[in-house]
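Two complexes are shown next, each including chain A; its partner changes from chain B in the first to chain C in the second.
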Partner chain A sequence: MLRLIARRLAISLPVLLGVTVLVFLILHLIPGDPAQIMLFGSRPTPQQIEQLRAQLGLNQPLPLQYALYIGRLVHGDLGQSFITGRPTVDEIAQRLPDTLELTLAAMLVAVVIGMPIGIVGGVRPGSWADRLGSGFAVLGVAVPYFWFALVLILLFAVDLRVLPSLGEGSWSAIILPAVSLGWGLSAIIARLLRNNLVEIYQQPYMQVARAKGLSERMMLYGHALKNALIPVVTILGLQFGNVLSGAVVVEVIFGRPGIGSYLVQAIQAKDIPVVQSVVLFIAVIYILINLVVDLAYGILDPRIRLSWVRS
Partner chain B sequence: MSEPDGSNGRWELTPGSATANLTRRRFMGLLGGAGSVVLGGGGLVSLLDACSSGSSSGASGGNQKLTMAVFQEPDTLDPSASGLITVGTISQCVFDHLIWKLPNQSGFLPGLATSWQVSTDASAYTFKLRQDVKFHDGTPFDANAVKVTFDHIVDPATKSKSAAGALGPYKETQVLDKYTAKVVFSQPNAAFMNEVAGFSIVSPAALQKFGADFARNPVGTGPFKFKEYVVGQHVTVERNPDYNWGPSALRSGPPTLSEITFRILADPGTRFNALQTGEIQFAPNLNPQDIAKVKGDSRYKVYQIASTGMPWNIMINAQKSPTDELPVRQALQYATDQASIIKTLFFGLHQAADSVFTPITPGYDRATQAIYSYNPTKAGQLLDQAGWTKGSNGMRQKNGQALSLKFINISGFGFDGISQLMQSQFKDVGIAVDISDQSFPAVGDAYNRGDHHLADFFYYDVDPYFVRAIFGADQIAHGFNWEHYSNPALDALADKANATADATQRNTLYRQAGQMVMEAAVIIPIYNSDGLFVGTSALKGIQFTVNAFPLFHNASM
Partner chain C sequence: MHTARVSSAAPAFPADVGGSRFGRSISRGVRALFQGDRFGIAALCFLALIVLLAVLAPFIAPYDPVHVSTDNLAPPNLRHPFGTDQFGRDMLSRILWGARLTLLAPVVGIGISTLFGVPLGLLAGYSTRWMSGLIMRVMDVMLAFPGLLLALIVVTIIGPGVVNVMVAIGIAFIPVFARVVYGSTLAVRGQDYVTAARSLGCTPRWLVARHILPNLATQIIVIASSAVGWAILTATTLNFLGFGVKLPTPEWGADLAAGKDWLQLAWWTSACPGLAITAVILAANYLGDHIAAVLEPHSHWRDRVQQVGLEGLQ
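What follows is the complex of A and B.
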């Protein structure tokens, strides 16, 4: 298993390198000169702009700029923010916990809402509860989370006054952002789990189990759910990236600090080192999560565990 | 940093999106994201009301905490370095000025300086200082602090985004005695008198102690002390109990509010929600439709605060055919229906502009500058006389050339709707307009080249000397003379005004300059630059600077 982890991490290095190339290129291809933007308010002379460009290393050829960036990266130096002059690592470290908190809370919401709905529908397909759940799932996938967030705010914060409209400052502040961000995913989970369960209940081993006289409860928890959960875990992993990117918008709507709102701000200001660092961080998290998902497979499915040993 | 023409740093057009480079004293209207521009208003709360009770009413020492929304993350909390409106707002709490200039108060008011003297050529300013003032770190305020502040502004290491430009051709500050400072310029700089009311005096001891970290540990003499800055979340300031040197027009003693939290909320919708739930009590730059919604609501108070500067306007390229013809430019003035633009796009929350200056800017003169008003018939007559006659399709042409203008609009800048409405208004008089959107700041190149006939512009400044930077003949190729208007007489007038210490004479010169620009018809004023805030009705006593920064000296809840 350790070898597996090592191998997966090694494979992810080229992925990360690809990410740095892409982000670097995109940022330099967007029109707008960072030096010009930074100096704009002070009516700079062309010489002053040139001087700042030189200071920031922007006057060098792109391949060299990239090579220098990678060189610093290897030494653990992610650069300084053009705007504040502070290391981007510090800036991100101050904001990352807020984003992780929101993302994890949203995943939790998704699981807590999505699983029961999926199970009820999967065990009793065609029942009124199943239909209600399916309707919910369609809505959840169809309704954009930023719109849903606004509706939640209007209802629970502005009208009913039971929850704060701002997503930071008290313990209850996380509820609305987490629900708006996790709702769509809960619908995906519910639908997937339901369909898996429906399929599994038709498998011969389930019929055998029923013939042996196992209780419904044993059938569900002992046999059906474990098998039905494997694709759900995959989806959770795959969707983590989506939830993280959704956090960008949700953070802005709820006025929450985090790397999402920070990224938006940095892109607008062409704060290149910050954008590069934030995207790199997100890529690393993404890769790590995928690794965790792969490992979780093994825990849920002995056949997969066995294939690790063989390889 | 200072240019001989003294025109540096006076330009503050800024895009809604780029939060990095916004300037503090002039530029107010950061347009948060596409289409969410919000400034301006319709005289909802008079300044008299807003600036009512002065001195020391109300109890001090209570526990009144205000939460105000700000729409940007601070880049630095050093007022000498930052160019952001948010930092300017916070700095008004933490720092003091040598002298003050307030709306509805004639002349200048004593601040940290008790009296001042200007040399006849307006190149040296001597300030007699208060002797009873202490910085928040306990060190006493004296003439050295004035010197250190101005030296810090022009220090290249400070990377000043706004203050250095406002300071102009600064040479040095001489400490004549412990409480007398003389600020000297390398050439006449009459604008300094208005600008000095905006500079924040910083603690030399703190500057030395924190070095570059002063950016996160601002120390001044203001009514509130800096308490904390939580990145991405808020900046908090607390009452300075020792404060006893505020201008009497504001409140001389310690403030009533015990604490102000500036919540960073980038989205105007988020700010409005939080205002409705009571999580914040004061918010800038809300969406016009939201402001319109609470306008008659007794739970809220809408503050529409006039600002000095140049109105939101459309610049006309005076060197590109056909707008190089004066009658064409004049026709555009008469064809523009400001009232309808303000009503349609801003729910009537702005005041129509009629000059190159806003009404409270020195140099504004309605009689000689407000020479155009909406009159499509007159626009048609002018064009007919100039040979631009209507064809069968209702559009005008002359000698086979169609009367067609290129409007380069800065997307997401607050002019998207304005440009579209003007396109339709101009069509009504037979002028075709082709709008192309460009992003900021790349658009500056196109404007400097003169690719456009029509361009977007607005500007917040406390001194009318900005006409030199915006209309100066030497500002066409690289500066902000996007009207490509070249008139040596105007340049000479502005330079003469900036070398004139006498305020009355100066105003006369700027009145002439304003008239000159309006007669040349190179800008179409749309609405007056202003500040628009909404507060809860429980919040009282907020006052404002002449460029619409809120002041909390006498605020209470």
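What follows is the complex of A and C.
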């Protein structure tokens, strides 16, 4: 098992390093002088710009700047906001829990809505319930979540007045954002689970199970569902990043103070260190989640473990 | 799918009837699109209609989409079938005009990703180990960012704007094209007909252009058409966040964002663009599935795209 983890880490580490290179380059790929972008709006004198360049180390060669950047990263220093001057790490640490809460709640919503629909359709393909579920799945991926969020607000917060639409704090404030963010993923899960189940029910071992006189319930929970769920777990891992980046939009709509709304503000204000830090955080979380999912996958399914060792 | 032609100089089918071989395969493909799944055909017709309406917008839109009037926030009525927005602009006219940019952005974006992603994938699949390692590692790094985030990074670097949104979508989707084309190139280069062509003295460039690329063509079309739904969603998201068009230019995502502030007073200002986006993405997804079913009826790879969507491929 340790060898497995080492092997998988060996794949992730270069990617992680590449991510830091790309994030580091954001500042330098922007047309114009970073020092000037930073002093944007204050009509700086050439001396001021030169001073800032020296202070930021912008006069050093690029590889050295990158090495220094990595050095600071290792010490937990992601830079300071151009605008507030505060370390971006502090700001992110304060906002990250809110975003993770929303993302996890959305994933939960996706599983809670998606799985029953997928199971019902997979067990009785062609039934009216299956058709209804398929219709939901098709519509779920087509409705843009930022509009769906508005529809939910209009329905539950404005008309029915049962759920709050803005702010955070109470547990109920997360329901509407989580549903609007998770609903697209629930459609993907429902579709995937349904198709997997339909395929599995045609397998010989399911026919054996049926021939032995197992109840429908035992067939589903004892044999079919476990196998059908493995790809669903993978998709949850792969989609985590999409849900996390979707949180950017949902946070803006619901006025939640997470890292997503922070990112949008920073892009609008050209606050590059903030953009760099948030982007780095999201990418690293995404990579780590996929690492965990892959390892969990290997633990769950011995065949996959073997294929890794052989390759 | 693989035409097992050995010689690169072999003539096309004898006795070409009507037009070039390329032209005939196009017309055959178009005819095939009108057979089979009726949802797919309906989606094709619907999208064709929307494109037609977008093109004809200057002639059929009842009002100037940026014309401000005192009749603001009027609910849908006979004079304004979709109502008016907070500046009294006719929503129907804005939807018709907005279709132009809303549909153009994803199409140009996907075009950009095809233009760069496919050659990168071919190069990685058919060149030195070092080169292919370099290209694919860069693609891996890009894939480490969720698509929307990658598009936002690009917008940060090149700034907001209509064209920049297209570029952002294009860049965000390059690694998907590159990876799929790379994988298929590896699979195809081991085929007998490629070995045969190589043994006849084909140069690598000719081999890739004449033997490998044509065999990947259907796959590339399938990814591109499956990606359109995603591209529409991302383009409207970027516009919704205010990184695309400048108001008062009509665009569905931006109009939706504007309508969001009038949710309580005038639901139609957000519902019209929202429904329009939904309908177009729905049709694009159906059409993507349909094109895949027509072009690659037996491919497991296609099943995967259909089951989990393109994000699952990443």
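We adopt the following convention: the second predicted complex is superposed on the first by the 250 of 311 C-alpha atoms of A that agree within 3 Å, B and C clash if a C-alpha of one lies under 4 Å from a C-alpha of the other, contacts with A are read in each partner's own complex, and residues count from 1 in each chain.
Keep in mind that, in the parts below, a residue touches a chain if its C-beta (ideal position, glycine included) is under 8 Å from a C-beta of that chain, and two chains touch if they have at least 3 such contacts.
Bear in mind the structure is a predicted one, so any value in this text is a computation, not a measurement.
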(request) Tell me which partner A:Asn242 touches in the superposition: chain B (first), chain C (second), both or neither. (result) second
(request) Examine A:Arg191 and indicate which partner it touches, taking first as chain B and second as chain C; both and neither are also allowed. (result) second
(message) Quick check for you: in the superposed arrangement, does A:Val19 touch first (chain B), second (chain C), both or neither?
(response) second
(request) Tell me which partner A:Leu29 touches in the superposition: chain B (first), chain C (second), both or neither. (result) second
(message) Per the contact definition in the header, classify A:Arg161: touching chain B only (first), chain C only (second), both, or neither.
(response) first
(request) Could you look at A:Asp98 and tell me whether it touches chain B, chain C, both or neither (first, second, both, neither)? (result) first
(message) Looking at A:His223, would you say it contacts chain B, chain C, both, or neither? Reply first, second, both or neither.
(response) neither
(request) Examine A:Val141 and indicate which partner it touches, taking first as chain B and second as chain C; both and neither are also allowed. (result) second
(message) Which partner chains sit in contact with A:Arg53 here, chain B, chain C, both or neither? Use first/second/both/neither.
(response) neither
(request) Would you tell me the residues on chain A in contact with chain B in one complex that are also in contact with chain C in the other? (result) 31, 150, 153-154, 158, 252-253, 264, 268, 270
(message) Going by the contact rule set out above, which residues of chain A touch chain C in the complex?
(response) 14-16, 18-19, 21-22, 26, 29-31, 138-139, 141-144, 146-147, 150-151, 153-154, 158, 188, 191-192, 195, 231, 235, 238-239, 241-242, 244-246, 248-249, 252-253, 263-264, 267-268, 270, 272, 275, 279, 282-283, 286-287
(request) Using the touch rule from the top, collect the residues of chain C that touch chain A in their complex. (result) 137-138, 140-142, 144-149, 152-153, 155-158, 229, 233, 236-237, 240-243, 256, 259-260, 263-264, 267, 270-271, 273-274, 277-278, 281-282, 285-286, 307-309, 311-312, 314
(request) Would you mind writing out the residues of chain A in touch with chain B in their complex? (result) 31-33, 36-43, 45-46, 82-85, 91, 94-95, 98, 150, 153-154, 157-158, 161, 164-166, 168-169, 252-255, 257-258, 261-262, 264-265, 268-271
(request) Name, in rising order, each residue of chain B that touches chain A in their complex. (result) 1, 3, 7-12, 14, 17-23, 27, 73, 75-76, 83, 160-162, 164-165, 212, 215, 230-233, 263-267, 269-271, 273-274, 276-277, 279, 439-442, 444, 469, 478-480
